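Next come two complexes, and both contain chain A; in the first it sits with chain B, in the second with chain C.
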Partner chain A sequence: MSGRRRAFSLALLLIVALLPLGGEYWVRVGTLAAIQALAVLGLYVGVGLGRQLNAGQSAFMALGAYGTAYAALKGVPFPWTLGVGLGASLLLGLVAGWVALRASGLYLALATAGLGVILIGVVQNLPALGATDGLAGIPPVVASRIWYPLAFGVLLGGFLLAWGISRSRLGLFIYSLRNEVALEAIGVSPLRIKVLAFLISAFYGGLSGGIFAHWNQVVSPDAFSFDLSILLLVALYLGGASSPVGAVMGGVGLTVLAELLRPLGGAWTGLVFGLAVVAVLVLSPGGLWGKEEACYGRRA
Partner chain B sequence: MAFGGLQALAEVDLDLAPGEVHALVGPNGSGKTTLVNVLTGFYRPQKGEVYLEGRPITRFPPWLRARLGLARTFQTPQLPPGLCTRAYLRLVGLEPQEAMKAGLPSGALDLPVDELPWGHRRILELLRALALKPRYLLLDEPASGLTPLERERLADTVRSLAAQGLGVLVVEHDMAFVRRVASRVSVLNAGLLLAHGGLEVLERPEVVAAYLGEGYVV
Partner chain C sequence: MDLAQLFQLGASGLAVGGVYALAGLSVALVYRAARLFHLLVGEGLALGGLAMAVAGAWERGILLALLSGLALGGVIVLLARWLRGREVAEVIVAFLGLSLALKNAFILLFGPASRPAPSPWPGVWVVGEVAVNRTYLVVLGVVALLVVFTFYLLERTWIGRRLEAVAEDPVAARVLGLPASLLQGFALLLAGVLGGMAGALLAPLYYASPTLGYLLLLKAVTAAIVGGLLSPLGAVVGGFALGLAESFGGFFASAYRDALVFGLMLLLLVFFPKGVVRERTQTRV
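The block that comes next holds the complex of A and B.
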């Protein structure tokens, strides 16, 4: 790890360790950061590793959140509620994977973005899911002070899984989606690998949404807008799409940065935020924690 | 097989037997690679059938044909960009030692596969195809871009593979290479099968004319 990256990592770890000292508000910010970083890890596998542009990750989160919330309100005990959310999210993963068989690159980004927008549109009009009000009164499953370490614990688990995938043969298959002919030639169906990549992204998104539902106790359509999908993608590239470390750092860092900038007020927040993102990507095109290796998989 | 208004292949019949090296020759644009693409499933023909040991596989995707024992290489090696050679070997299920034995230097292991010298990429592609343990191997211009020494080594490899019972189809422009490895030849011209038979078909006037133009005197 280069000195610069080590300094960034240290600063971020310090922020995460110090956030709870800032009071309950910053504990909530930190928890949300961990939850969103989990969704970014899903993007790392699909987009960073597999180059399957996904501009609809918030839809996977929405299904995870709504599935979990709906089950919890119907009396399903925790953690089975998460299973319901994950099931819903994985189903969408299958649909997105099927779409990916027909579209790639920017077309796939548009298609996944469309999936997300349509899904939120449907949720907003479904009385059973609370329409625009969403679902409230989701029972808390742990004491509020537990959420912060719990969310980061799940994030650590998610990170280890993504790290394992990136070093496994499956990770090499997903990486090789960059040249589908090369996959066909070794007797591997690119279609299956694409669907698998989307299922893994969906797993992370669904888990992230499910945890969000229990933590926030309220889920509403505006929490999973298209903006969130874009924010998660930006987080991935800002942190560095070439490693799960970048995904975690980007996800946590961007959520905290957005909150730090909030006092500036609406338009200014967007401006500073946007400039910061552009500056990072110009100065460090691979992201802040991007790897500078000659090729992928030296230690795979 | 046609692309828009262009008939790339028509009425071509070709069979490949285990243990033989069958050369597919013909001028540029005669349909050789198109035929390989039809056989391996990268193109789906409008008419005609592909059989693998009696089993119709015309509707099978390329990866399934590869698994069933029909391996191929490409004119331009198809390797995942930016992947380390070491990781590529793991991807295809080979040990680095096997690649070293086939002539890849150990320094290549930590380089991206798509930036290796041409000859090394060709070695990787051949290793990748053989890692499938195929019964039939289709080589699309395997000797192009190779040094004379590498060609010689490749010819030995191809012959020994056939001796082990593999059916090998070689698309090649290098006639010296063809004469060295092949026992049977099919000649394509403008998408039609011009001639087929033993190596002697290479001497036929119509074959020479197709390659070198009418009025060429050897």
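The block that comes next holds the complex of A and C.
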């Protein structure tokens, strides 16, 4: 990593370490940052590595959150609740993977966005899931301040997994989805790799949503809007789509900066991040952390 | 469903469908001219609608919407220039990012609330048992004018022929001395204006709101996909079909109206990615 990037990373890590000193409020912000960064890591594997555009990551989070919440309210004990959420999210991952077999680029982005909009539309009309009010009273399992190190622990695990995937054969195959003919030429089915890439994205999204449900104790449809999907994509590309470090930094940075902008009004967050991603893509296409980490370009 | 209801649903479906047709036409124009996905079309429609609502009188509203559409077209021209030669994913994320920024800028400028917009010809037109909102007729009339104008421009004028050449092969067109960038810029500006006008027409039918953009984006692109993104005619047909489907589908299951439209979009994306209505490539040039 270059000096400038290392300085950025150190500054962000320092912020994460010092956040609890700011009191209860910043502990909550930090936990949310870890949860959202986990969802961005999922996008890193699918979009950053595999170029399988996913404009519906918030839908995977929603399924993880609703599955977990529903199970918890039905009396399922804690770690298994996450399993229910993950199961729901992975099912959607299968569907999205199947769509990806037939659509790519813009069409895939639209299809995943459409899946998200349909899903939220259905949830808003299901009384069993609380309709527009959502589900409340989900048991927090541990105290709010314990969730902070816990969420960052899961994020660290997720980061190591994503990093490992990017260095593995599977990662190489996912990367090679850019050239499906080459994959077929060496006897690997691009279809299976596509579905796997979506399942991994769904796993991260579902886990992120499940943790969110327990930590926040309330899940509602408007927490998983299309805006969130876009913000997560923006976070990935701000941080750098070709590196798991960029994904984590983008996800954490997004949440913390959004909190800093909140006093100005909610709309400023979208305005600033939207313009920032355009500026970064035009001026520094690899993202703020991306270029150096481009994993296969260097070796090839 | 009795006859009067049938007429009303049909009329509202056609009017809203006309708006989608213009929006879809805008998407198809941009893709055809510059192989670029016009992901700002939703914000263009939202802006046109807000212009109509803010202006007070509809005459001024139309003018404002026209200008705002032109400005948005200019933004696409700039962004297309800056992102030339980039990966598809990066271009899409940049456009989505800008649409997010624009939406929030509209919220800051105009406030988050929906606003009513004036109709150029308010009231109801009654024939026997059937009562049709006059605004529908105005919208359909203006849509027809704009569609005919655009097709005339594309099919019957020297600008259209040169645009066709650039759409077929921009490099070859440039080699032959055609000002490809200028022509592409013209197409993008025209697309911006069509989007702005579509928004101005939609506002009196529903309302104007800064947060309508994404839904309208998905609907506009759905309309354009009916023509495989490339065919202006397909986009117009797709827009009307979408409007009618939404109108009648909403009658039977109003809560799932949007979900129904996006289900249609998914089917199109997965099973008819090259479009349903296709044109033979013209080889006049």
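Here is the rule we go by: the second predicted complex is superposed on the first by the 274 of 300 C-alpha atoms of A that agree within 3 Å, B and C clash if a C-alpha of one lies under 4 Å from a C-alpha of the other, contacts with A are read in each partner's own complex, and residues count from 1 in each chain.
In this text, a residue touches a chain if its C-beta (ideal position, glycine included) is under 8 Å from a C-beta of that chain, and two chains touch if they have at least 3 such contacts.
Quick caveat: nothing in here was measured; it's all calculated off a predicted structure.
Of the two partner chains placed by the overlay, neither chain B nor chain C lies in contact with A:245. Put chain B and chain C next to each other and count what each touches on chain A; the higher total goes to C. By the touch criterion stated above, A:39 is placed in contact with neither chain B nor chain C. In the superposition on chain A, A:230 makes contact with chain C only, while chain B stays out of contact range. In the superposition on chain A, A:184 makes contact with chain B only, not with chain C.
By the touch criterion stated above, A:256 is placed in contact with neither chain B nor chain C.
Contacts of A:175 after superposition on the shared chain: chain B is touched, whereas chain C is not. Residues 41-42, 61-64, 66-67, 71-72, 74, 78-88, 90-92, 110-113, 128-129, 131-132 of chain B are the ones touching chain A in the complex. Against chain C, the residues of chain A that register as touching in their complex are 47, 51, 53, 55, 99, 102-103, 105-107, 109-111, 113-115, 117-118, 121-122, 124-125, 226-227, 230-231, 233-234, 237, 241, 265, 267-278, 281-282, 285.
Put simply, chain C touches chain A in their complex at residues 37, 79, 82-83, 86-90, 92-94, 96-105, 107-108, 112, 214-215, 218, 221, 225, 255-256, 258-259, 262-263, 265-266, 269-271, 273. On the side of chain A, the complex with chain B involves touching residues 169, 172-173, 175-176, 178-179, 181-190, 294-298, 300.
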